[in-house]
Amino acid sequence: MATPQAVIDTSELDQLRIPLRTQLWRLVRKQPLGAAGAFIVIIMSLAAIFANVITSYNPVANDLASMLQSPEANHWMGTDEFGRDILTRVIYGARTALSIGLTAAFLGATGGLVLGVASAYFGGIFDLITQRIVDVLMAFPLIIMALAVVATLGPGAQNVIIAITIPFIPTCARVVRSSALAIREIPYVDAARALGFSHARIILRHMVPNVMAPYLIMLSTFVGQAILLEAVLSYLGMGVQDPTPAWGLMLKGGAEEFLESAPWVSIFPGLAISFAVFGFNLFGDAMRDVLDPKMRRD
Amino acid sequence: MSAQIRESRDKSVGKGETLLEVRNLKKYFAVTEGVVRRRAIGNVKAVDGVSFTIARGEILGLVGESGCGKTTTGRCILQLETPTSGEIVFEGVNLEKLDQKAMVAWRQKIQVIFQDPYSSLNPRMKVGEILGEPMRVHRVEPNAAKRRQRIAELLTVCGLPAKFADRYPHEMSGGQRQRVGIARALCLNPDFIICDEAVSALDVSIQAQVINLLEDLREEFNLTYLFIAHDLSVVHHLCNRVAVMYLGRMVELAESDELFDNPMHPYTQALLSAVPVPDPTVEAQRSHQVPKGEVPSPINPPSGCVFHPRCPLAVDSCRAQVPEFRELKPGHWVACPRV
Amino acid sequence: EKGGILNFVVAGETPSYDAHRETTYAAVHPYAPFYSVLIRVNPKNPQSPTDIVCDLCKGKWKVADEGKTYTFKIRDDVKFHDGTPLTAKDIVATFNKIIFPPEGVPSARKTFFKMVESVSAPDDYTVVFKLKFPSGAFLPAVAAPYNYVYSKKDLDTHGYNWHTDHINGTGPFIFVQHQPGAFVEGKKNPNYHHKGQPYLDGFKAIIAKKMSVRIQAIRGNRAAIEFRGFPPKARDDLVAALGDKVTVQESDWNCVLIATPNHKRKPFDDARVRRALSLGMDRWGGSAYLSRIAIVKTVGGVVFPNHPLAANKQELQQLAGYWPDLEKSRAEAKKLLAEAGASNLTVDYNNRDVDQPYKVVSTWLIDQWTKIGVTTKQTVRPTPAFYATLRKSHEYDVSIDFNCQSIVNPIADVSKYLCGAGNNYSQCEDPKLGEMYDNLLRTGDVKGQRAIIRQYERRALDEQAHEIITLWWYKINPHRSYVKGWKIAPSHYLNQQLDNVWLDKKLM
Amino acid sequence: MYAYVVKRLFLMIPTLFGAALLVFFLMRLLPGDPCEIRMAGTGQYADPEAIAICQKDLGLDKPRIVQFGGFIGGYFTGDLGVSMWTHQPIAYEIGLRFKLSLQLAIMTTMVAVALALPLGIISAVKQDTWIDYAVRTFSIAGIAIPSFWLGIMIILGLLIVTQAWLGEGWMPPINYVSPFKDPWGNFTQLIWPAVATGYRYSAVATRMTRSAMLEVLREDYIRTARAKGLVEKLIINRHALKNALLPVVTLIAIEFAFLIGGLVVTEQVFNLNGLGKLFVDAVGNQDFTLVQQLVMLVVLIFVATNLVVDVLYAWLDPRIRYA
Amino acid sequence: MAKLLEIENLRTQFFTADGVVRAVDDVTYDVNEGETVALVGESGCGKSVSALSILRLIPWPPGRIVGGSIRFLGKDLLQLSDPEIRRVRGHQIAMVFQEPMTSLNPVLTIGLQLTETMQYHLGMSNEQAEKRAVELLRMVGIADGERRLQQYPHHFSGGMRQRVMIALALSCEPKLIIADEPTTALDVTIQAQILQLMKDLSNRMGVALMIITHNLGVVARYADRVNVMYAGKIVEEGTAEQIYHSPKHPYTIGLLASVPRMDQHRGRRLVPIEGQPPDLTKLDNGCAYRPRCRWAFDRCAQAIPPLEHVGDGQMSACFRKHELGDDVKAAS
């Protein structure tokens, strides 16, 4: 008996493999806002990485001679009440914001991923209990959580990260769980079961990679949220502590007290927060559009 | 292949050794309602006492309207669902009695091809991985180089260029994906394949390609199919025997030609007349007696014969008594007392 | 001019109205106007620490028995807001509550009255305090603004906790309402015993915890004054924005920020290291600089700078860290550190999460220390955690601490530096310093006291450097110019009865 | 439906209990207690005796489990306890601030909805035009701008503008007046914080409206409506909006539950005597009992809102029915 | 028979990031009054787009009608103003869509969805419209109309919903009903019921019917005339008889050969059309079917074969249309 006669002509399908550059350009055209977001994110990352190259001022050293100077040639964004160059602190603040934001987002989203997939896969009593815990954590006010963490572990960046991560985990677990539940019903998981694969293999090879979309979406939105949360916590005095250059911290105290006479002290760090979060949100939105099959047209 | 050869082969199969036997299979689902918090409102009798056998090498067609339990039957055989009751005997061994290890071995003998070529392949895996993974896990082909060669063979057998091993599913058309699905079903050298609407989602021209492929593979690998479909023309074309299901029950089972030439159950008759034939001249001559009404819900199926509310022959007793599934002619089983 | 309502802002809110048991000034600003006290700092001359005058008493009190008996004549024209006339019995009951509270009744300043043996009322208009030993700290303790006089009848009928949420005083204003978290309101007492007063129809004390809100309240004329103190920059801003609509009163402030080394931690058990930390500070330069941004200004020793017992500039400049030659001072600091084997010292610094002046001064301090090669790892803690660290866990090398008193009373105030004092958190041990203090207590004449305090100061701040004084606070009260009659005092606890405050309608 | 609601009410219990457990022990983890803070006033000697009296008074000397029992037991006797700081009944303390926070929350929601619906709809209808991009930028900015900073900037703006126009810096009133007594004064005080928080809230709602609307506009029944020849306005208002509103209403309700948290910072900036400020103050004072009850209130509002949302959903969407 | 609808050189394109999709590319055909015309072709060949183009329901962006004319009762629909085209939609030309499950608005009652069109187009009062709606429901076989009007779509099964859609289409007594795969999502027996119903009603009311489908059986059973579409073009046109018995285009021949037929002997092996349908963004200046065509020769790559008569009203767009006859027999 002969094998099937004709082998399918695949020439036009080969054209699907488009060079990366073209694909990128298409993405920019399709997602101009997302591209703008990516641009902001890149600028911010560069600023964070090369902070000490970009600016020659020391972000923490006081300069008695030049306190509260309005923006001018030497200090593009002016100085604060300790004579510290605000631009420098904004740039170094990007470092704080990024390191906290990225770490917290990564930990939160990954924790949620693990919890969510496990919860969906094992179901039953395990699912029930995790869901109740998730309920409690989601309803629990962040500020209490942050305060407890900061007060018991002491303030400092890593504890701020913990405080921010905790509320992220249930949020992500919810989303991932519902995707994972849906994926459990998709035929390729059935196919994997029909092929006699173990539970571990099905979870790791067939389910986890397919909840990457919600995971990545959560991850990218979490970065922005984490930066914002860090700013709020620092502003409330429960986050990063002086003299670490952090945007939320820069809005505290003098920034408000001398609002009218030295508005630059509060304007620039606030703009920095807004732009950073804006960038990450734009980026996250574009990510959602690209990754979320509901939005994809095909 | 000439028509004669096919026909003689048709005669020979079905008489051979029994590969699979399904005895009085039942599968009830607890149905829940409410989007926010679900609650049980009753049972769906998705499959309600279905029995049949499949001989090695034959193609059994399973037809019926949407929701009548075809897929569920298939999934029970695959052990993707645990049957509520009933037995599934494969090569003389009752599956319920299998231990974990034997189960894994058994899994390799029976495979499935799904309807939807889009969702039945893991989008994150390349075709090569999709096909290679089972061979690696079950140590069918532990050697990586040989495995690659085997993947290439499988792809060629299924009518795809070997270089498709490097493709992701989304880089392929529906027909091509379905071929990958078929290749995956073949990669563990199974004896038995359940095709659940394996061609329904494909366009006419592509569908014909895949039907031919399935036929050829059966020849080459001596496969047995349970071919689930709702398109009667396809079933007619492909299957040796055909079983007709209605609301979880089997209403008629016969050799293909017998069933299509001489349908006995009123539901089968209606079903056949509802299917249009692509020929206006033939159509002009056919009687178009379409059953009235709609398929009732399997949650509250009608009493007695489930078809009686739509049946032109129904009498009072049909309401009360569940009809017996009896063999009216050799090999022709019908669940209707009125024929 | 009479009439009008005075709106002022208060940064805090007291947990209860009973100032006898509270320690916060927030129990004073909104509530002092409802009460009278036996004696008080002269509202017309609050700057003077020794000008203490009668409020409920008449004339001048008599001191007898070599300073062991104080007799006060009580006014007979005073009525409580509920109509009850005030007699000496009320005053006795009040001071008994403060000095000899029954079991389970807290009294925050009981220890200030260690010298008192008894309080009695030989007749309805005489009060006699009998002391165990004569003490210069007695009168200031009595004059403390917290010692609101309650009615004996209230204490007898309602018990000792009644005043935590009820108000019945004899003060210039009658309590109208308190909206927790929002404001306290009072109206004029027409029967006030200082005739013709108060001038105001009433007042409203608006609670605003954030400094910026308080500044903006005055900026936007939602309030006329704040009695605690604003940073200098805020003053400048207000003056710049409001011109002569705002008047500024300024004063040295009887509060001081202290860097407290933890003597139980190495190498801070080494006096050389502690001295080096003090030597590393440019106090004179810091004064000029910080006084522009923080509520600190004055360089001083252990005694409130303007007091006769305080060190003058020349004397100060003898102390380590107060030298006029900064270079020399820093060189010495580095040398000492090297000698102590602590050249690359890292200080674990405990700070309080309050901007003014803690964080501002600490930021400066840390910067100063870098100049002598000391690195500082600062931990800023919210107030509760800060105090838990300072007082209980002692998990710090150096902590910020402060001393802040109402009536200027150096003999009592300098006990802060005494090792083993309840409010000394350095964990130091220094019997010699204790001896000096005992000496001081027994010395009657001012000159002798002054000499002993100089010794004491030298030992505490220089030789042993048990504590490192940074700068004394500086009180700045910019207020709407139409507020008249209020005079700034060296403490934000003092002169808050508002009975002589009036509003100049022409300027409103 | 009734049975469903009752069942849901029972399901709240474990969540509430978990939250109670969490907040109780979290608070006890903190160093220090309300008595120590109380005696910290002047940095003077904190009399251990006074502290001990205070602790005894507040029951802080009792074993934790007894304290926890008292906390939970209070719910059965209907007694929420007294604040450890002011000794006032907690119900009274909360009641005092509730009005303001509620009014602010409602105004914020009104600001948000008034912005979100029209913007979200127009942006969906004009998808991928400059209007859409402008709206999206505006709404993403709303999510990015910290509301406390926006509050600060609003104050700055008010000062600058009024200084320029009136010659005198104008600040919003500093004390809450009931809207029934002085509606204008009340409005001038609360509108700014409502805008500062409402912007963010509206941004979230705008995005939701937009995406819900986009999804609905892609639905087949919209094409059916067009094929019927209906005018576009009717299609949007009758056919699309009602479907799109479902998720939006849900989101608005859930965000409303989160508002209490969001107001914490805004109330700080504008010195509003609401629950958020009470919360921060209580935390600062380590007023354990008050913090506990406030957290429980927030959690309760959250779970109750979730229930209300589900019921609302069922009510709005004819497809969902609970027996 | 009078011409009801004349479509000439219609071109509809989608401007996507991946290029221009030429979904409908120079399509010309007519529909006569009262007749049933079928449009067949594989998925994605442009059937729906050509139907939607008639009522100008192509969503912009990304789609747009870029050329041609659509004359309906003498008026060019493409020239009408927006209010004018709305008076045609649902009133003179009605549509029935493929997915009965999603084509009705889930949150509005059946009654409202039925009556709003009549109120809008015919100016009926609420009561009149409701009375008529009950009548319409009875006509499509739904009893108990008054109660049914209060219900929501989810109370109806798929077949019932499609009946409602038909009632909706009939409500303003249109001249033409376009049914885009009206039964694909339904069960076989229900499919037959619905199609029969449509056919009967259109006969009775003299409405022209345009059925879009890829089921060749349906076409054979119900259509008077058939248009076969491939890659955005009509490749063959004729009566049902002509198309099934003497197809004149390789694609039609291929289609017929590739469907399994119940009425024929089972032994027949299917002859599939090999390859894939083309990508509509990458059409060149030749016959789009040529890569899959057995008869293709050089000329097919050089020019697009025009749709031309092959006699007796049948038309084919193939250069070799006259040579095809014998092969058909061989193939089937």
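To keep things simple, chains are lettered A, B, C, D and E as they appear, and every chain counts its residues starting from 1.
Everything that follows uses one rule, which is that a residue touches a chain if its C-beta (ideal position, glycine included) is under 8 Å from a C-beta of that chain, and two chains touch if they have at least 3 such contacts.
Nothing here was measured: the structure is a model prediction, and the numbers come from that model.
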Mind listing the chains that sit against chain C and also against chain D? A
Can you tell me which chain lies farthest from chain E, using the average of the Cα atoms as each chain's centre? C
Between A-E and A-C, more C-beta pairs in contact link A-C
Averaging over Cα atoms per chain, report the distance between chain B and chain C in Å. 90
When the C-alpha atoms of chain A and chain D are each averaged to a single point, how far apart are the two points in Å? 23
List the centre-to-centre spacing of chain B and chain E in whole Å, with centres computed as mean CA coordinates. 32
Report the inter-centroid distance (CA atoms only) between chain A and chain B in whole Å. 47
Junction residues of chain C, two or more chains touched: 210, 216, 219, 241, 382, 384-385
Chain E touches at least 2 other chains through residues 274, 276
At least two other chains touched by the same residue of chain B: list those residues. 1, 173, 175-176, 209, 212
If you look only at chain A, which of its residues touch chain D in the complex? 32-33, 132-133, 135-136, 138-145, 147-148, 151-152, 224, 228, 231-232, 235-236, 248, 251, 255-256, 259-260, 263, 266-267, 270, 273-278, 281-282, 285, 294-295
Interfacial residue positions of chain D with respect to chain C in the complex: 30-33, 36-50, 53-54, 56-57, 85-88, 93, 96-97, 155, 159, 163, 168-176, 268-271, 273, 277-278, 281, 284-286
Which bits of chain A are touching chain E when the two form their complex? 6, 8-9, 12-13, 15, 26, 29-30
How about chain C: which of its residues touch chain A in the complex? 210-212, 215-216, 219, 231, 233-234, 236-237, 240-241, 285, 289, 292-293, 351, 353, 355-356, 359-360, 362-364, 366-367, 370, 378-382, 384-385
Chain A touches which residues of chain B in the complex? 1, 75, 78, 80, 103-104, 107-108, 110-112, 114-116, 119-125, 133-134, 137-138, 156-161, 164, 171-173, 175-176, 181, 184, 188, 209, 212-213, 216, 219-220
